[in-house]
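Letters A, B, C and D mark the chains in the order given here, with residues in each chain numbered from 1 onward.
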Amino acid sequence: MSGINVGVLGSNGKVGQAIVAAVEAADDLTYSAGVDKDDALTTFTDTQTSVVVDFTHPDVVMGNLEFLINNGIHAVVGTTGFSADRLDTVRGWLAANPGVGVLIAPNFAIGAVLSMRFAQQAARFYESVEVIELHHPHKADAPSGTAYRTAELIGQARADAGLAPCPDATSQELDGARGAEVSGVRVHSVRLAGLVAHQEVLLGTQGETLTIRHDSLDRSSFAPGVLLGVRNVAAHPGLTVGLEHFMDL
Amino acid sequence: MSGINVGVLGSNGKVGQAIVAAVEAADDLTYSAGVDKDDALTTFTDTQTSVVVDFTHPDVVMGNLEFLINNGIHAVVGTTGFSADRLDTVRGWLAANPGVGVLIAPNFAIGAVLSMRFAQQAARFYESVEVIELHHPHKADAPSGTAYRTAELIGQARADAGLAPCPDATSQELDGARGAEVSGVRVHSVRLAGLVAHQEVLLGTQGETLTIRHDSLDRSSFAPGVLLGVRNVAAHPGLTVGLEHFMDL
Amino acid sequence: MSGINVGVLGSNGKVGQAIVAAVEAADDLTYSAGVDKDDALTTFTDTQTSVVVDFTHPDVVMGNLEFLINNGIHAVVGTTGFSADRLDTVRGWLAANPGVGVLIAPNFAIGAVLSMRFAQQAARFYESVEVIELHHPHKADAPSGTAYRTAELIGQARADAGLAPCPDATSQELDGARGAEVSGVRVHSVRLAGLVAHQEVLLGTQGETLTIRHDSLDRSSFAPGVLLGVRNVAAHPGLTVGLEHFMDL
Amino acid sequence: MSGINVGVLGSNGKVGQAIVAAVEAADDLTYSAGVDKDDALTTFTDTQTSVVVDFTHPDVVMGNLEFLINNGIHAVVGTTGFSADRLDTVRGWLAANPGVGVLIAPNFAIGAVLSMRFAQQAARFYESVEVIELHHPHKADAPSGTAYRTAELIGQARADAGLAPCPDATSQELDGARGAEVSGVRVHSVRLAGLVAHQEVLLGTQGETLTIRHDSLDRSSFAPGVLLGVRNVAAHPGLTVGLEHFMDL
């Protein structure tokens, strides 16, 4: 056994199993313990676990984090439902345990994080920008949360740079053709059998365009981002929200 | 001088000049005569012109065609505004001159014609289909005429095959995100500086997608289609509407 | 129970299981029997099976077909290794059983079949054409068999149309940059973690390009093509090689 | 008249005319003077020109720069042929005129600069990366200079991060299929009628890919980058090589 001792909460679930497999496949990590519904959290302290990954449920994640932080164990968290109040509570626990690091991220797909970052950086150099997101037809919301967030970031970058609105001479539109508007950015949602999760940011100016496209082809695409979090969380004590802060972009 | 004698109506206009250049560059065609506003149509008979290309104006095209047909000259026509009545009138003139061929086409870009045809052929094999068209931001209508027509053809092919509606579980939509609906097909219109004229048809079923994409990168893209018409019109006496009928697909 | 009785050879294998699932999910088909290594082929006759799907092994497929044909059962075959001799043998059995249909196809992904067909149809209208295929990095051969076959079909179509070679002014090339040449068509092979199986045919002429792209995102993508074969094989007595013959393109 | 006074060297050439037009179209810039072969450089001092754009020829650019720097005029230079020696000479002139800024850049297309930068930033997060560049068929070199440089930057970023070589199980390759190798990165060059200048960087890891695509659709695509240089060069005294240094990425 060698490398960082990594534990997994919800290790028998679908996501948990994928994380266990990814940890076991990594040379520099050791899978030390899995904890499910009826298991004791002390399993992690008993096994000298250094970092725990939590993709569980909003109902239990706060209890998990309180235990982990108070026992000096770092955490990488993909569970949703973190309000400003919850984040403040986590910060309080961390203040009392200054060496511990916690990463909470809404999206662990590295390509999604990079796409958003690059779109934000490129936005101020282009007159025009639109977002197309494409998903399987079982998705309930349109646009996707990632596309919505991407458009907000782009809109903010354009506003900060003092750009004029994107040029658009449309005077005759069939209802919906030009997409939804989010922070001044048009967003189009495609739903197609055979697709998984995909997004394109299109930026254009005189004579040229730049396209940043992210394709998630299977559900395991969060694994490399989780491992990136596991490897870096100990070096970032306190609370970090968003994987991009570990990516040195 | 060798090959087919080709004349051009509106030869001093932007489109006319491009057609003249394309005819002159083709080994098997000879540019025999150009006629503009103040020139006599008899220039074409004086020069033994065999085929005339007409990209002029709805106000003058009927007069042009009457002269050409009655003088045994074939015509390739990109001028717009042909109602059912006008087409009947042309058919009448042709009935009296049975050896003459006239091609009238709304779109001479070969790729646009092929895209529509392939989309129509593929439609019945796929659960899902959507259309994305992307144009420069000076365009007034959304969706484009070509996208609208493509969606109609796809919708018809799906109906003929008895397909169910495209699956779509969207229950929470920001207004416009899912595009416009044309014959049961979602159509999305992107307007971006730097683009010219582009269209994608996306088809999907279990585990796979097929994408047919057409890019017009400059305004000369109609030229190869016009030459295709010029070379084939004499072999198709009577009226033909749509370039696809000369393409043996 | 209703619809066509469909049996599956190798029903416990990975591919077999996917076919069983697809048959069971189809309203107009009934899964009647599965046969594996140690089971008797008479299971199919005992269950009044009408069509059998065979994705097995070159060592056993000929024995399977002899039994099926002689018992009046239609067959849809994805097993490889059919030489001209083997096809002749199958034709002999079918001659003695004139009502039976057998479909043997190298590729059941509908999008791959359509891509090849459309590329072949479009080829004669374009000065230039190249093929890019993109696969996961575990693939042993480059280019893929499908890309090789696509290039051959395109090359043949260009030759039939009397086209000149694709224009290419390259005078200074880093070894391999311009890809492999198959029947006069350049083919490029990308190998990338995260990909599954993808192919693009790019066609270009003055001012415009046409792109036909096929994406297989998971291994189940052959299922809709197999069902298409199952539904149509009884109406095509004798031997058919290639799914495209059932697609009325 | 208002804003920065901008002069253009080679103002009657094709590129020069495009730059003059772009300067005249910008509200915050004033076109003050154009100088061609037979004109005196003193035209720039006579017109209180603040920044001069030089897209001329290696034979004359050094003389131009010596005059401009010694007269306190900033320069934005797209002319090629700058050896290390030439750059040192320019630095010497600038040392004697400490308030003057000179920008020399091999590529003014903002999208090309951003593509390279993003590829370099993303490289260390992905197991696999390849580059596809696509150009019109009149291009002499394959791969393009931009693709070559992009691959070098990616290769360097991978080496710095200690990444293993891209996985590739190819054991049976038709000569050239897998492209050219530049710094461990496979580069594929497509040459197609109808295209202008395009490049894709494909990055992949478990279950996901990221694609960064740049399309130059006409020759004017360098103009926004030149204006970016013009607006920022006065604030960057001394020599700057590469537009990315003005882009605060």
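We take it that a residue touches a chain if its C-beta (ideal position, glycine included) is under 8 Å from a C-beta of that chain, and two chains touch if they have at least 3 such contacts.
What you are looking at is a predicted structure, and each value in this text was computed from that prediction instead of being measured.
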Problem set entry | Comparison of A-D and C-D (more C-beta pairs in contact) | C-D
For this session: Name the chain whose C-alpha centroid is most distant from the C-alpha centroid of chain C.
Result: D
Problem set entry | Centroid distance [mean C-alpha coordinates] between chain D and chain C, Å | 46
Exercise. So how far apart, in whole Å, are chain A and chain D when each is placed at the average of its C-alpha atoms?
Worked result: 34
Seminar exercise, completed: Among chain A residues, those touching two or more other chains are 126, 194-195, 203, 205-209, 215, 217-218, 221
Problem set entry | Residues of chain A touching chain D in the complex | 22, 109-111, 114-115, 118, 121-122, 125-126, 203, 205-221, 223-224, 228, 247, 249
Problem set entry | chain A-touching residues of chain C, taken from the complex the two chains share | 194-196, 215, 217-218, 221
Exercise. Across the complex, what residues on chain B touch chain A?
Worked result: 126-130, 132, 134, 137-143, 148, 166-182, 186-195, 202-209
